[in-house]
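The structures considered in this document are given below.
Next come two complexes, and both contain subunit A; in the first it sits with subunit B, in the second with subunit C.
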Partner chain A sequence: MSWLERLAARAPVPVYPLLGIGGERVLYELALAGRVARVDSPRHASVLLVAGHVPAQHHEALKRVHDQLPRPFATLWFRSQPLPGLENARRADDLATLADELVALHRELHTGQRGSSPRLLPDEPPNPWQGLGDDGHGGEGMMGGTPYGRPMAMNMQDDIRDGLTLDSLTFRLGPFYPLLPPGLAAEITLQGDVIQSWTSLSSAYPRALDAIFQTAREQPVSIAELELARARHHLRQLYLALRLAGLESLGLQALRLARGLTPASRINGLRRRLMRSGFFNLAALDGGVLDAEMARRLGGPAARAAGIDADLRRDDAHYRRLGFSPVLSWGSDTRARWQQALGEIEQSLALARRAVDEGDPLTAAPGNVETPCGPWRDRPSPAAGGCLDELLPGLEWDSALATIASLDLAPVSASPPPGEASAESASASSGSHEEGAP
Partner chain B sequence: MELLTLLVVLLISLGVGLALQWPELRRRTLPSYSQRAPFLGGGTPDSHAWNRYHIRYYPMTLLLIAFEMEMMFMYPWAVVFVEKGLMAVMEMGMFLAILSVGIVYAWREGVFKWQ
Partner chain C sequence: MNVLPALALVSLTLIAGGYLVAVADRLIAGACGWPRQGNPWLAPLARGAWLYRQDANVTEAPDRPAWRLAPALYLALAALGLALVPWSPTLIASNLATGVVLWGSLEALATVAIFLHGWSANAPLALIGGYRYVALGLSYILISMFVLIGVVLPAESLQFSQVVATQGELWNVVRQPLGLPLFLIVGLGLTFWGPLNLADSTDLAGGTASEVSGPPRLVWEIARMAMLVAFSAIAATAFLGGWQGPWLPGPLWLALKMLAILLALLWLGRVLPRLAPERCVTLMWVVLLPLSFVDLVWAGLEAL
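What follows is the complex of A and B.
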């Protein structure tokens, strides 16, 4: 083994996480693990981490991503069933030891104890060589030809922005694109960096909220705990958005805060750093303005960011006794939604503190639960995926991705994936809060 | 003698260059076809990625050229300024006025808006 391979084996593991149903929890764990570097393209990864169940209709897409990792690479299946042909791949079920498993797998791969994962797709050109045209590429050249049997991007649509007509580029993105929610796939036409059309092909995988929201539907639960779970959810969402904005260290601060959240936690430090970093001044946050009807359909913080005064907690007598009234913002764009999220985190922490001071009251009316993404719906809201088709055309790419990150598009699933509840409580009890002094 | 040395150096560098390009030496295993396809998170493209797109910095470059041109004319102007005096100042004033129309236009087009 060469010294170069030995060095490579000791480096942080470049992991591409491919998220299935209930897999997003691993992101937060790995982000804080340290020895693992999450990469945004399989080309930079040496381990493919498949986290959560992947439905059969997305197996082809999974194979495509799998085959895009450069050799030698390995796969780790976390709470997931390996695809046929990968029976020897390593599996893991415990979130606490996941980082160790990844490091061990990477070492084995580079010390030669484990061979590379086999290719799943045949190694043949998607559009074969046709032997026609000037260079044998099968077409008539740049204007209107079909080199390799695949047409050139040509100007098929009028420009919707400034009259500068550019070629339209049509492709399907997802369901494992790291900047979209897991499961969300769409057919997109771009002209330059402006979205001409967005057609959702599959909606985001259902996401399990903290177990306490499910319990709250059946029986009274502690308001303090419910509010901490709500704040934790928003902080994790904020982490994803900050990472998208290139402010990863700030995102990690949000994540560390979420891990050790107690009623005594404060987000003043985080808010200050957010303001200083210029996050709220990003031009990408200008877009994604929801009209009143769409905001009402989405519900939750997205509606309250548009000034719609709707919150089920108001119907709860014990919340009213704690002096609850919904936080509202006006603007209904992406910036307003993040300001709303910060406001709601502060409100949840304040409510939790007040609840602890008043002897930790329980919720008064189980049944109707206001989750962090809006009122609990038994069936996924049809609005979520479809709203992108109306909202995104005309936006620039950065603005569109920032809009998607600010919306909770995944339907809420009724049951958390196995092992999730215990992992959650373990991490909550072991963590220490970061900026806790009241 | 010197020419001969140069010739030898030229031949050696050409030889090394050619040797590096030798097909047998250059042969590397190409990545598989699925690796060569663009990464779309499991999605597939419809067309080639070779297309005309919007160069966002284009107005900024035009503006830079406007200022560059101004400076280019300033140097010879500084030389004749001593002889011509006020007339040269007026001529340069007219030139700068025309140039500033370009800057006003660029301003209207939103070049100074930071994105």
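What follows is the complex of A and C.
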């Protein structure tokens, strides 16, 4: 083994997370783990981490992502079944040792103990060349035809923003693009970086919330615990949005806070740093304005960020006794939704503190639950699918992705994946709250 | 200076400076709350070794020569910029009489190299990254021109050695207080770093570099660091008195000033969000460009 191989084996491990159903949790663990670096392009990865169950209809897409990793690379299947042809791939089920497994895999790959993962698809274009020339650049190929089954970037539509017409570029993204919710796929037409049209092709996978929300549908649960789980969910969503906005250090602060959340936790420091960094003023948060009807159909924080006073907790007598009334924002754009999220985190922590002070009351009755994404629903909201198709045209790419990050588009899964609930409670009890206790 | 010593000087600065950028960025990330990614002094070398060993992938029908040449072109622009920097009254790789003009042309050519990198991959996200850089490029290049004209006015010369010589009494950072802050913003744009990283951004999964792997990506990353080093050297020369300073040798003074500029850029890159492209262009044309006019008028009055 050469010194170069030994050196390469010691590099921080670039991991491309391909998320199936219930796989989101790995993002939060990897973000806080040293020695592992999450990357957003399969071209930049050494290890493909398949986390959660991938439905059969997306196996072809999975194979395409798999084959995009440059050699040498390996795959790790976390709570997931390797595809045929990858029987020798490593599997893992324990979230606590996931980072160690990834590091070990990378080392084995570069020290010759493991070969690169085999290709699953033939190395040829998915569709035959149907252009007019023999190359994609210049010559007759630029003049039309449908090379490799896709239309050329031709000027087919007027610009919908400022009249400066550019060539329209149509492509498909998803279901494993890491900056969209897992499972969501779309056909997109751009002019420059402005979205001309967005057609959703598949919905986001169901999302596993903290087990306590499922329990709350069946029996009364501790209000303090329920509210901590709600705050934790919003903090994790905030991490994803901050990472997208280029503020990963603040996102990591939110994640650390989520990991050690207790009723005594405060987010004053995080809010202050967010304001000082210019997140609300400089980042692409202007877009994604929901009209009242769409906001009402999406429900939850998205509706409350549009000034709609809708929250099932209001119907719970024990919540009312704690002085609950919904936090509302006005504006209904991406900025308003993140201000709403911060407000709801603060409210949840305040409710948890008050509940602890008053003897830790339970919810009044099981039944319909206000989850962090709105009223519990097992199936996608009727608004969720078409919402993006209406909302995104006219937005710049940055603004469109920030809009998607601020919306909960996935249905809620009835139960968390195996091991999720225990891992959640273990990490919460072992963590310590980061910001000042009273 | 003869060709070989000049080449050695530029190469040494690029290698040492690029490595230092990689280490400093990791140290700053650690201070900002990132989990530790191994030994910060070893990690850049290990990452370089990993990229060197990784296969260089190919997309569907790329413009292969342009795709492979773009990183080398950007690196060459950084090296050319660094060659203009005086390390002492005599230690200058290329003491060009029109050095400031050449630097301006390098900034413009960087737009070509970055767009080429995005366009030639023949992939949508890389192409959008290229588009974005072109949209941004013109905005910051104009600011850069006005700020640099402000610097050459008191020197009455387009030669960087003369620009340094006229800062013996008073550095330009004091003489023209708007100049350095504006030029730092130009630097973030030229190196598409942190808040102005619209070309290789997270929302585009790496933008112009989203489809690149292996040795070409290693060259691209080295080129980006080299450009940070070259820009820091030019900024230190134009505004912080270059090699001038008491007690220490001139080259050491310049290295320290370059380090200060580098740390400022790297820190800004870690603590500011990426600007929305539309807001970025508006900010450049509506706020910063008029400010660069003010800087120029200020420099003109001061020169009278």
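As a convention for this text, the second predicted complex is superposed on the first by the 412 of 438 C-alpha atoms of A that agree within 3 Å, B and C clash if a C-alpha of one lies under 4 Å from a C-alpha of the other, contacts with A are read in each partner's own complex, and residues count from 1 in each chain.
By our rule, a contact is a pair of C-beta atoms (placed from the backbone, for glycine too) under 8 Å apart; a residue touches a chain by one contact, two chains touch by 3 or more.
These numbers were taken from a predicted model, which means no experiment stands behind them.
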Inset, instruction - Judging by the criteria at the top, classify the pair subunit B and subunit C on subunit A as clash or fit. - result: clash
Inset, instruction - Determine, under the contact definition given at the top, whether A:Q196 touches first (subunit B), second (subunit C), both, or neither. - result: neither
Inset, instruction - Tell me which partner A:L252 touches in the superposition: subunit B (first), subunit C (second), both or neither. - result: second
Inset, instruction - Using the touch definition from the top, say if A:R243 reaches subunit B (first), subunit C (second), both or neither. - result: second
Inset, instruction - Scan A:R119 for contacts with subunit B and subunit C and give back first, second, both or neither. - result: first
Inset, instruction - Considering only the touch criterion stated at the top, classify A:Q347 as touching first (subunit B), second (subunit C), both, or neither. - result: neither
Inset, instruction - Using the superposition on chain A described above, determine whether A:S399 touches subunit B (first), subunit C (second), both, or neither. - result: second
Inset, instruction - Using the touch definition from the top, say if A:P178 reaches subunit B (first), subunit C (second), both or neither. - result: both
Inset, instruction - Check the contacts made with subunit A and report whether subunit B or subunit C touches more of its residues. - result: C
Inset, instruction - Would you sort A:S41 into first (subunit B), second (subunit C), both or neither based on which partner it touches? - result: both
Inset, instruction - Please work out whether A:Q68 is in contact with subunit B alone, subunit C alone, both, or neither, and reply first, second, both or neither. - result: both
Inset, instruction - List the residues of subunit A that touch subunit B in one complex and subunit C in the other. - result: 41, 43, 68, 70, 125, 147-148, 166, 169, 171, 177-178, 192-193, 283
Legend entry - Complex contacts: residues of subunit A adjacent to subunit B: 41-43, 58, 60-62, 64-65, 67-68, 70, 119, 121, 123-126, 142, 147-148, 150-155, 164, 166-167, 169-178, 180, 185, 191-194, 283
Inset, instruction - Spell out the residues on subunit C that touch subunit A in their complex, using ranges where they run on. - result: 29, 32-38, 42-43, 45-47, 49-50, 52-57, 60-61, 63, 120, 122, 124, 127-128, 131-132, 135, 194-195, 197-198, 201-206, 210-214, 217, 270-279
Legend entry - Complex contacts: residues of subunit B adjacent to subunit A: 31-35, 37-54, 56, 114-115
Legend entry - Contact set on subunit A toward subunit C in their complex: 4-5, 7-12, 14, 31-35, 37, 39-41, 43-44, 46, 68, 70-72, 110, 125, 135-137, 147-148, 166, 169, 171, 177-179, 190, 192-193, 242-249, 252-253, 256, 277-279, 282-286, 396-399, 401-402
